[in-house]
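Look for chain A in each of the two complexes below; its partner is chain B in the first and chain C in the second.
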Partner chain A sequence: MARRRVLWIFPALLILVGLSIYPLLYSLKVSFVTIQGDWGISNYTRILRDHLLHVSLIQTFIYVTGALTIELILGLFLALLVDSLGRGKYFFRGGFLAPMLLPPVVAAIVWRLIYNPQFGVLNSTLKLFGVATEKLTWTSGEGSAMASVIFVDIWEWTPFMFLLLSAGLQSIPVEPCEAARMDGASSFKVLKDIILPLLKPTLFLAILLRAMDLLRIFDQIWILTQGGPGLATETVSLYIYRTAFRFFNFGYAASMSFVCLILVSLFAKSLFRMLKMSVV
Partner chain B sequence: MKRTVTKWGSYIIAGSGLLISLAPLYWLLTISLKTEIDQFASPPLWFHFTPTFVHFQEAFGVNEFGKYLFNSCLVATSSTLIALVLGIPAAYSLTRLKWPKNQAEKIGFWILSNRFLPPIITIVPLFLMMRNLGLLDSPVALIIVYVGFNLPFVIWMMQTFIREIPPELDEAARVDGDSYFGALIRIILPLASPGIAATAIFCLIIAWNEFLLALVLTQTESSMTLPIGIASQVTQYEIRWGIMSAAGVVATVPVLIFSLFVQKYLVRGLSMGAVKG
Partner chain C sequence: MSLGLIALCFLTLEGCTKTSGETGLTVAVNAGVEGQALKEAAKDWEKKTGVKMHVVELPYSNLFEKELLDLKSKTGAYDVIMLDDPWFPQYATGGQLNSLDNLYKGQGLEGPESDFIKSTLDVCRQPWATGSYYALPYVGNSQLFFYRKDLFDKYSLKAPKTWTEVLQGAKKIGSAEKMYGYVMRAAAGNAVVADFMPLLWAFGADIFSPDKKPALNSPEAVSALKFMLALGEVTPPGYTGYNADEVSAHLLQSTAVMSINWPAWIGPMDDVSKSKIVGKIGFTQIPSEKNKGQAELGAWLVAIPSGSKNVAKAFEFIRWATSPTQMKVAAFRGNPPTRTSVFDDRDLIQKFRAFPAQKESLASARPRPRTPLWNEIENVFGIYLSKANSKTMDPETALNEANKEITAIISRNL
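Our next item is the complex of A and B:
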């Protein structure tokens, strides 16, 4: 019996260990190799002084919290809106989901086509309405790049929030809401006192899943701006990638990965604790 | 009166939301079907242009996209099959076989935590490992890492599907003389087949869309997948909008079709089985 249960799970565990634990240990070893090829902790001391890394950490934080907040609010709003529609509910639901179903690379090139300051459809459409578009540079302007990149994320992933929260709304019993409405409670009060508390587990789950995905953001930014202009949209993933595969400093990239792993685990743990508390 | 106004207001807001969602997709499609002059026309041509398939021919006939497409199909299907073959017995073991208390749950959570590991953290060691094994720029490397990527997902999804099958059914099969393996083949697999199909489709989509690992582990057309091929059109000095959009459309269509098949399981798949839609 004992042999059987282990035997059946053993190949899967072996693969997972080989592709996660072993690489992590290997990476730990590499992280102590300096670019000159010696052993030492200079990679870790450099992390403390590296201004570029600090900038990209802050920008990752801005990106994650900005996109997460707006996607959550917008997704909840759309879920409530579509839930209240009578006819055409399913039509709208299907249409709203479309951006999420695109391969992320394709979503990014779509927006490159749209944002292009000279030939993009966004500026040429705005021109039709008499807007002066010379200064609207979107992803290629230092001031607007971050917001433009976040907007693409919102466009693509609000559907995810919408989908999960719609499912959550459907699992809420109707009776308490109706009873409260009969007693004369306003829609806002019903939302705040009845719907949101019942929706809490789904809300936390959606936040957890989306946050973990946002933290690994790479493809969209890589294709839209490559972290530029200047450093305007540089995030930690891009910085690690560049360090390893453009400057071939594997040791430093590995040590940054480790610090990231610790930060991400701490973040995930506290989110998870909140999630568990909300369900109990 | 007030109710009608709110109702119409809701439809107008929902309609504009729909427009923002879908217009960019429509625009991609038009760019892939337009001649170069029409692509850059100002004011933009939303409807009045003569469609041409020249970019599709150019991408898949003349350029390397045919090869990228083949690589994408090869890598996605093989990694999905391997992940299912390894993952289903593991899920069965965790849900149906007896484990000392809490152990199955602990192993399950460890498996899940692999899923949350951002790929950027393991990308350096995986690259060095594949280089040492001489697998850089080979589809085999991608198949291996995608199996690792999809395995936690398969195990979690299949656990939820197996739990829904009444345990009496496979117990009865075993009383009738079937081994555990026989019970898995004759009872669990047929009953869980819709779940297996949904899980497989999610794995296919995940592998099909994956970008970062493919960017690092592939270098030439002998292993580059469709997303990498599309992205490489951007980083070149001159962006070839037509070819890029045509390839983008081709990369999107299978995902949309597959998503239709799993729409019933979409919520479940996206929440790793935690929410049942």
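Our next item is the complex of A and C:
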């Protein structure tokens, strides 16, 4: 009987081993091979000294926390707003999803044109309102580049947060809210003490999904700034891509990927623990 | 093994285009203006010989990674590849490309004809200018200096011969015409390095000293970077994010007076549907300063991977595609040639007014350092040049840091 069970899961197991486990183990092996073809831990020791990687890790952290925080707040606000509407809920739900339907590459190209300091629609519009746009260089400015790329992510992915949190809000029973209101609780108190605690599992799920997506951001930044100016928008995924496919140093790229995997796993684990605690 | 696995994943789709037993040729070309003529040539070759031609068009960065994966794992997915000349040192090492010397000898020939412009042939040899041939030059790309001839005439100025004259002209015309005096590419990476190299050379500096040690911390290099920042003052704000598109848009829209640019943008300057400056722009040589001005070479080459199973046919095709007759056909299609005889062709000169300037620029053009580590060096150099242009690092520190990083790259790869 047990043998027959194993036989049934064998095809799935084969696919899993072939497409996930073997490549993972193989890349672990590659991460210990230096560019000269020798074995050793030099790729991992280089990680400790590589300041370009350190800068890109910090930038990734800024990017992830910046985009995630704003997307979460905006998504929650929009979800609550649309949920409170008597009419037109479906219209707004559909409308808000539009940016998310665009492929990230297309969205980035559109925003690259919008951000152009001299010919872009953003500065042209601001000029109409009398704003001095001469120094508004958006993705080209060392100080404004990160904020500009974060804004594009917020524009495109807040609808995702909105969608998840909207679904979460719909699953909350109406009775506790109505009872609280009848007892004289203010809207803020209902939100703080009833809606948000009940929404916690959805909130954690949304944060986890979005954070994992943000940590591997590549396409938008590649098209908007290619990591520049200087290192202003260089993120880990860009740096790993360059190391692997521009410099052809697969060993070092693999070792950096494993370090990132560990960091992301730790983050996900702590989030799961918080989720578990909140549910219990 | 790892390369083999990656190559297998990447090349699966390309591999599907060639069925087993079929003896056609698969050609990898750049999906841009530079690849257009070779794509057309492949179609003509199919009509002429009946050899089935599969053209795989790939964007610039994908072309590099897919070609190099194919070369390293010798999958034989491509019979002919098109490559940018800075990639050549990385491609030509370790027997990844077929040497053309024996193929020429097999046909009773010494090597490529002397009609090819020397600078473009030199980058087809490993080691540079002296070794065996592993490629043939197809696209004769080198930088040119674009300037508004009408405005220079209006203010009784001659075409700038030095960088000092460029800055003076940029300030004078820019302020009088309410335009940006100059416009340059300074996006991190390839863009800013490409626009800085002619300045670096003109100011008497180079990335490496004659004994091949990084030499970016020289006073001459610092002067060149300081001059670049001075040019930045008369360049549109936000130029630190500019690439070729933005630079050319400023010229086409008549909002900038001068720039370094590439031959692919000559045509659009005189195209009424795209340009506000038809017939108003002049093309001249890269200005001098301490040293004679030299353009950066950006030739595209054609080569045969050693994994190809159709070497003889592939060689026949690349020789035909780079022949004078075929190169003239390609030139009419907009491809900058690599042969003197084609540049001197009267019909072509009549059609392409910049041809004499292009020929002069190409003949004296200088390649980027011939090292397999160029991509990594260019990346780090570009980061620090970009930082200096963004004014987050002073020129001395930026070049010192770049020099340190380049030294580290070289010692890591020894």
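The working rule: the second predicted complex is superposed on the first by the 273 of 280 C-alpha atoms of A that agree within 3 Å, B and C clash if a C-alpha of one lies under 4 Å from a C-alpha of the other, contacts with A are read in each partner's own complex, and residues count from 1 in each chain.
As a working rule, a contact is a pair of C-beta atoms (placed from the backbone, for glycine too) under 8 Å apart; a residue touches a chain by one contact, two chains touch by 3 or more.
Quick caveat: nothing in here was measured; it's all calculated off a predicted structure.
*Asks:* May I ask you to decide whether A:Gly230 touches chain B, chain C, both, or neither, giving the answer as first, second, both or neither?
*Replies:* second
*Asks:* Quick one: is A:Tyr63 in contact with chain B, with chain C, with both, or with neither? Answer first, second, both or neither.
*Replies:* Touch status of A:Tyr63: no partner.
*Asks:* A:Gly95 contacts which: chain B (first), chain C (second), both, neither?
*Replies:* Once the two structures are laid over each other on A, A:Gly95 reaches chain B alone.
*Asks:* Which of the two partners, first being chain B and second being chain C, lies in contact with A:Arg242: first, second, both, or neither?
*Replies:* second
*Asks:* Is A:Ile114 touching anything from chain B or chain C once the two structures are fitted on A? First, second, both or neither.
*Replies:* first
*Asks:* Mind working out whether A:Leu215 is in touch with chain B, chain C, both or neither, as first, second, both or neither?
*Replies:* After superposing on A, A:Leu215 lies in contact with chain B but is clear of chain C.
*Asks:* Now for A:Arg5: first (chain B), second (chain C), both, or neither, which partner does it touch?
*Replies:* The first partner, chain B, only.
*Asks:* Report for A:Trp157: first if it touches chain B alone, second if chain C alone, otherwise both or neither.
*Replies:* neither
*Asks:* Who contacts more of chain A, chain B or chain C?
*Replies:* More residues of chain A are touched by B.
*Asks:* In the superposed arrangement, which partner chain does A:Phe204 touch: chain B (first), chain C (second), both, or neither?
*Replies:* In the superposed model, A:Phe204 contacts neither chain B nor chain C.
*Asks:* Which chain A residues lie in the overlap of the chain B contact set and the chain C contact set?
*Replies:* Looking at chain A, the two contact sets intersect at 23, 26-27, 30, 119, 226, 245, 250.
*Asks:* Could you list, by residue number, the parts of chain B that touch chain A in their complex?
*Replies:* So the residues of chain B in touch with chain A come to 7, 10-11, 13-14, 17-18, 20-22, 24-25, 27-28, 31, 39-40, 42-44, 86-87, 89-90, 92-94, 97-99, 107, 111, 114, 116-129, 144-145, 147-148, 151-152, 155, 180, 208-209, 211-212, 215-216, 226-227, 230-231, 234-235, 239, 241, 244-245, 248, 251-252, 255-256, 259, 266-267, 270-272, 274-277.
*Asks:* Okay, in this complex, where on chain A does chain C touch?
*Replies:* Those residues of chain A that touch chain C are 23, 26-27, 30, 35-36, 46, 52, 116-119, 134-135, 137-142, 145, 225-232, 242, 245-248, 250.
*Asks:* Taking the touch rule as given, give the residues of chain A at its contact with chain B in the complex, in rising order.
*Replies:* Touch residues, chain A against chain B: 1, 4-6, 8-9, 11-13, 15-16, 18-20, 22-24, 26-27, 30, 78, 81-82, 84-86, 88, 92, 95-99, 101-106, 109-114, 119, 121, 124-125, 127-128, 155, 159-160, 163-164, 167-168, 170-171, 202, 205-206, 209, 212, 215-216, 218-219, 222-223, 226, 236-237, 240-241, 244-245, 250, 253-254, 257-258, 260-261, 264, 268.
*Asks:* Can you tell me which positions in chain C touch chain A when the two form their complex?
*Replies:* Spelled out, the residues of chain C in touch with chain A are 1-3, 5-6, 61, 64-65, 68, 72, 90, 186-189, 236-242, 246, 249-250, 253, 255, 373, 375-376, 379-380, 382-384, 386-387, 389-393, 412-413.
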